[in-house]
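Shared chain: chain A. Partners: chain B in the first complex, chain C in the second.
On to the complex of A and B.
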């Protein structure tokens, strides 16, 4: 990998001869090497799911939060460098709070996504700053309905029906394409998301935790973590499905 | 548009939107008058203008416009109970008859207000920002009623110190792990906690009833009856009230519930009230 961008990759203000900004690409690679995060936009809401590798047996369960509440109706899942993602989430909170102060209503998803996108892009413009090594998946439920956005380290923000980032993104995206998201409720989508995460998890014996959140009709249009019983049920179904497919093989 | 910070500003204190400096420096004051909306470019000062307002475009609250009347609250066995009517009066006019003067802060705390309704709406916005902050950190910790009470004390006292008060008498009621909580904060920052608190006319009318009948271990039926009696007395004797009330309950078990509006049985057919002069000395 080293040697590809020799000389042109030292600063984010340098283009390479073939038009790439290597620092941004390297930031993207940092995200691609992190654990998988996926988002699904369904009929009645959005589901975000993170696979969290348990780095040490000494960690308290549920620590290393990857999903943050931004406002009551917006949540964010972080892939890549966790502290970078935390900075972006804090900025998203500032934007949401200031929008509410000025306009008196909760920030619409597309406005927040644009503001976060231009904030992340800022860090690709100046020599003295490095690009954020984090992609955030933004789940919002505003008066226009539910929406899922992804903002990557270059500052590109795109709107998705379903997407995945991180190590297992290719396999996860293949699985997501098979789903009929427009007809699914969030309850069903949680089960599907957990199944996909279990499926694409690298089988190197490392334990992993799941962090799943939703914003949907059932949650009162508020972004919150999925109820524990639903998550447990989804994990059971996912493990059963894995065993079935193992047996088939 | 740059957002103007209206809360948590270190220089100005919470809840205030002002120009860059709270006290204008001599550089600002000694400036020659700049052309502006209130000054024509020719340089002549318009007539009949209060000179002080030329330097300071901010207005300070001098009197309230749309007001709510008394609030009363008691502790009982399961928690606390707050009661008030639903009127926002415009001077003597009973203008808005469905104003909810109670605000649910979180699952453990309610704030009710008398006084200027717009200032109360501003207070609700501040509390909403605090609550959303709690929601955002997502660690299961909510503001306790004591914390809400202390915060509101500071906000109101700081505004009073700037001669620009939030013209409210607030009652903060709620439950905490160490018991139920009731506090009152006045517009100049006066505050106290007690087993029963009242604002406005209820100070004179409901407090004697509470002193006699309120007990910390009274049952819910007894507490409701006491509250109904207090609300009724206040309605009879306060000209700026209507027969439409709400009662908010905060309990350890069930959290906050604000009731639907209800009316009380009141009589206006007392003979001496219907024909007051008939019974007066010297009448015929």
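On to the complex of A and C.
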């Protein structure tokens, strides 16, 4: 299924005869095989949600953070290689901080995502660097309102109403398409996001945690973890929905 | 040659009066036009208002070259940011850039007002005095002539004035300052920024309201050949 490079895939400075840069494609594979991350842009804000497989009972709950704050009004969720995603998040933080220092206002989402895109793209240009194996979903609430962006390993940055990346992305995107996001508040979208993540989770019995954040009117236009009670309620509803559909089978 | 007066070596002074205020729907900014070296007025109709963007202006006082350099730099960075973001710059951004340049280059003597209109905040007035302070205000005044009109501005400014009231406030303030400050005078330039755009208004020297019992300007330009019937050619 995947194109085998055979000689054209050893370096990101080599094209294949059909015009691909295999190193970038392989970096994309890193993301495709990671646990699911999704973002929803609704009427009053943006929700980010990550499925996190719990790799060991010895890990403290809530470790292995996948969602990072970039500035008060911006957050990113990382899919793919976590350390790579952390590098990109740190760069986004740098860009946001320097923009604020020079221009005196919080960095607009579309400016930040282009800068992050340029940065990620850089790593596709040189033999001595490997492309980042991470996609970041960027949630911003600036003076133009809320927006959701995704930057992939090639450096492409696109704006979305809703999107998902990782293992369960196809199933998740199908579910997202059924939602009427423009009419939904973030509070409602959190429940939907949690339901989707539970639904598309691989039923191999592995324990998993959710990390969910939002930036919306209710959070004072600041990017934060969703309140614990809302998350608990959403998980309850998600589990109930799954049981219902199980009973239907 | 008489070297006791050092006028020839002195730099031109932008002894100036600048005013700006927010009104209901936009912002009004104004400046006098006098540039002098000692007693000699080198330019009686200079333009002390520099455009930074379509609807953002910099009122300049202090050192003339310093304010020109600051204005050029802010205009450059604003244009760059406009290209990157694809949006019109905000007044706040322009003011911040002016502040950063003043603060990081303490040798500059640039006392400025950054004034304009953008779709997020409407009309805004920022004072950016020497040293790199930045303060957002409903109205401000700067330059050597401003010392004479703080009281007037305080007592006459009102929130939510109409455009006509705001422009008259600015003209009256400038007229009073020009009457008392030797380094301010000549003509008045007024710019009004609002959602419709930018409106320039020039008030001729003889149309500036007379604040004191000066000899009034003669009405209209003198007849060709001069008032004393001077013969030309």
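Convention: the second predicted complex is superposed on the first by the 246 of 249 C-alpha atoms of A that agree within 3 Å, B and C clash if a C-alpha of one lies under 4 Å from a C-alpha of the other, contacts with A are read in each partner's own complex, and residues count from 1 in each chain.
The rule is simple: a contact is a pair of C-beta atoms (placed from the backbone, for glycine too) under 8 Å apart; a residue touches a chain by one contact, two chains touch by 3 or more.
Note that this is a predicted model, so its numbers are computed, not measured.
With both structures placed on the common chain, the touch criterion links A:97 to chain B but leaves chain C unconnected. Contact comparison for chain A: of chain B and chain C, B touches the greater number of residues. Contacts of A:105 after superposition on the shared chain: chain C is touched, whereas chain B is not. In the superposition on chain A, A:153 contacts neither chain B nor chain C.
Once the two complexes are laid over each other on the shared chain, residue contacts for A:72 go to chain B alone; chain C is not touched. In the superposition on chain A, A:85 makes contact with neither chain B nor chain C. 102 are the residues of chain A that lie in the contact sets of both chain B and chain C, per the superposition on chain A. Within the complex, the chain A residues that touch chain C are 102-105, 108, 110-111, 114, 143-144. Touching chain B in their complex are the following residues of chain A: 65, 68-72, 93, 97-98, 101-102, 222, 224-225. If you check the complex, the residues on chain C that touch chain A are 77, 81, 84-87, 90, 92-93, 95-97, 99-100, 120, 134.
Against chain A, in their complex, chain B makes its touches with residues 1, 3-4, 6, 129, 132, 135-138.
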